[in-house]
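Take a look at the structure below.
Chains here go by letter, A, B, C and D, matching the order in which they are written, and residues are numbered from 1 within each.
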C-alpha cells in the first residue's frame, strides 16, 4: 500500500499504544482478579496474543505493523539497497511514533483502571539471566518476521507473530519484552507489567544484540535471496506486513 | 447475499441471543466451578472468543452478523450515501431484533443452569473509570470492523473480532461489553456477567462515544476511499461480514 | 472423496475413539493435577478443542467426520432426496462404528492412566436443567454444521465445530455432550468425564430433540436452497466435511 | 524447496533446539509462578502449541520441519521408492542434528532461567501405563502428519500438528513426548519437563512402536495412493512440510 508517511507513522503510534494498553491493562486486571501468578500470566499472555494478532492484521497493510524500533531498523538494514524498501526518513518517523505511542498506551491503561496516570515502575528486572532471555526473545522475533518473508509467508504474520509472543512470554525468563518502545512505555506504570527505569537500558541493549543475532540466523537458514513465492504473495495479496512498506 | 429483511432480522436476533447465552452461561458455569476470579474470567473470555467467532462465520453471510446496535448504526452512517448499503428501514428492524435476542439469551442461560429466569442484576458497574473502559473498548471494536473492511480483509472478521473481544475482556476495566443490546440483556440476570439496571444507561452512552471515536480513527488511519482489494474480496468470497448486507 | 463404505466406517470408528479418548483422558489428567474444578474444565475443554479440530481436518475427507449419530441421521434426512447423499445403508454402518469406537476410546483412556479398563460411571447427570442444556448444545451443533454448508463454508468446519464445542463446554449446564455415541462411551469410565448409565437415555433423548430444533433453525435462517458457493467449494477444495460423503 | 542438505540439517537443529527451549523454559516459568500443577501444565502446553506451530510454519519450507527422528525415519520409509523422497543420506544428517539441537535447547532454557546448564533429570517416568501413553501419542502424531499429506492438506500442518500436541499433553498419561530427540534433550534438565535418563530408552522404544502403529493406521484409513490434491498443493503452494523435502 501507498499510504503517506504521516499516515503510516500514525498507524505505528496507534498500534504501539494499543499494544502497550493491552499488555499493561490485562496485567492490572489479572492481578486484581487472581492471587495465582501463573493464572495472571496466562491471562496477560493470552490477551496479548489476541490483541497483537488483530493489530498486525489491521495495520499491517498501512504501515507494516512494526510497533517496534528494532524491527523497523532491521527492515531498513535488510532493504537498504532495495529501491522500494524502508528509507532512513521512514525510520526517523516510525521510531519516535512507536515510543510516543507506547508511553500513551501505558497512560491509557492506567486511566482505565483508576491507577495514577504516570508512576515509575518499581519492578526491578536487572538479573543477568533476564538479559539472556531478552536477547533470545528478540532473536527469535526477528528470525520469525524476516524468515516468514523469505519463505513467502508474510501473510501469516498476524497469527505467527502473535503466537510467537504468546510462547515467548513463557519460555523466556524475561517474559519477552523484545521491543525497545514497549520497554520504555512499560516503565511509566507501576503495575504487573512494569519495568523499573533502571532496567530499561540493559533490556534495550540485549534486544539490539538479539536482533543482530536474529539477522545472522535469517542469513544462515534462508540465504540472501528472496523466495520466488514472496513476490507473488506481495503482488497478489498486497500484504507487505512487517517487511516492506512502499515509499509515499 | 440477498436474504430478505425478515430473515436478516431473525439472524440478528438468533445471533444476539446466542452471544448473550454464551457470555452469561459460561459466567455461571465458571463461578460454580472455581473460586479464583481470574480462572472464572479466563473461562468466560475463552468461551466468548470461541462462540463469537463461530456466530460471525455462520451468520455473517446472512445479515452481516452485527449483533450490536452501535455497529448497525455505524454501518448505516458509513454507507448512507452508497446505493447497496444499510438503510434506515434495515436499522429499524435490526436494532429491536438485537435487543430482544439479547434478553432472550439471558433467559435461556438462566434456564439452562436452573437460575430464576429473570432477576435484575445487582452488579453495580458505575465507577467512572469503567466508562472510560467501555469507550475504549467500543472505539477499538468499531475501528477493527470498519478498518478490516477498508483494507480488504472483511473475510477475517470472524477470527479478528472474536480475538479482539477476548483481549478486551482483559485489557479494559469494564471487561468490554461494547454493545448496547448485550448490555441490556445482561441486566436481566443476577449472575457473574450481570450489570445492574442503573449502570446500563451510562454504559450505553460511553459505547456511543466510543463508536464515534472509532469512526474518527477509521477516517484518520485509512482515509475515505475503499481499498481496491475490498471489492475483489467481496465479489469473489461473497463475505460482506459486519459491513454491507445487500438490500432485500 | 470416494472411499469405500468399509473405509469410511473405519474412519468413523477411529475418529470417535480418538474423540472419547481425548475427552476422558484429559479429564483424568486434569483431576490428577489440579484441585480447582475450573482449571480442570479449562484443560478438558481446550484439549477437546485442539483434538476435535485435528480429527475433523484429518478424517473429514474420508468419511465426513461425523463421529456422532445425530449428525449422521440429520445428514441422511437432509440429503434423502439428493442423489449423492448419505444412504440408509451408510447410516447403518456409521452409527454402530461410532458407538463401538466411542466405547473403545474410553477403554484406551482408562488404560493409559492405569484406571480399571471398564467401570460404570457413578456421575449422576439427571437434573432437568441439564437436559435443557443438552438440547441447546445439540441444536447449536446441528445449526452450525448444516448452516456452514448452506453458506458455502463447510471448509471451515474443523475450526468452527471445535470452537463451538469449546464454547458449549462452558455455556451449557451439561458441558455439552451433544452426541449419543460419546454419551454411551463416557458411561464406561468412572472418571471426571463419565456419566452414570441411568443418565444416558434422557441425555440421548434431549440430543434428538435438540437436533430436530437445529434443523428447524437451519431451514428458518438459511432457507431450503444450497448457497451457490457451496458447490464451488466442494469441487475446488474437495472438502465435503460433515455434510455429504459420496457413495462408494 | 531445494535448500542444500547442510542448510536443511541446520534448520532441523535450530528447530529442535527452539522446540526443547520452549518446552523446558515454559515449564520452569510455570513452576516458578504457580503452585497449581494444572495451571503449570496449561501454561506449558499452550506455550508449546504456540511455539511449535510457528516453528513448522517457518522452517517447513526449508527442511520439512520434522524436528523428530521417528518422523524422519517414517518419511524415509514411506518415500523410499519415490525418486524425490528423503534419502538415507538425508536421514543420517537429520537425526544427529535433531538430537544435538534438542540438547542445546535444554541448555539454553536452563541458562535463561539461571539454572545449572546441565543436570540430569530426577523425574522418573517408568510406569508401564506411561509407555502406553507414549505409544498412543506417537501413533497419533504419525497418523496426523502422513494422513494430512494423503488428503492433500499438508499445508495445514503448522496448525494441526501444534494443536495435536496441545491435546496430547493432556489426553495421554505421559504428556506426549512422542519424539526421541526431545526425550533425550529433556534428560539434560532437572526441571518440570525433565525425564530421568533411566526412563529415556523405554520411552524411545514406545515411540518407535507407536510410529509403526501410526503407519499401519495411515495405510488402513487412507490407502496406498496419494490423494490427487496433494500434488496440486505441493506445486502451487510449495509447502512440502513434514513430508518430502527435495534432494540437494
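Brief remarks follow.
In the analysis below, contacts are C-beta pairs under 8 Å (C-beta built on N, C-alpha and C of every residue); 3 or more make two chains touch, one makes a residue touch a chain.
No experiment lies behind these values; they were computed from the predicted model shown.
In summary, no chain was found to touch both chain A and chain D. Counted as hops between touching chains, the shortest connection from chain A to chain C is 2. Interface residue usage between chain C and chain D, two copies of one sequence, is largely distinct: under half of the residue numbers at the contact are used by both copies. Averaging C-alpha coordinates per chain places the centre of chain B 40 Å away from that of chain D.
With centres taken as mean Cα positions, chain C sits 28 Å from chain B. Each of residues 36, 39-40, 42, 46 in chain A touches at least two other chains.
On chain A, the positions that touch chain D within their shared complex are 36-42, 45-46, 49, 127-129, 132-133, 136, 140, 143-144, 147-148, 151-153, 156, 160, 163-164, 166-173, 175, 217, 220-223, 227, 229.
Residues 1, 3, 7, 10-11, 14, 18, 21-26, 28-30, 33-36, 39-40, 42-44, 46-48, 50-51, 53-54, 57-59, 61-62, 108-109, 111-114, 238 of chain C touch chain D in their complex.
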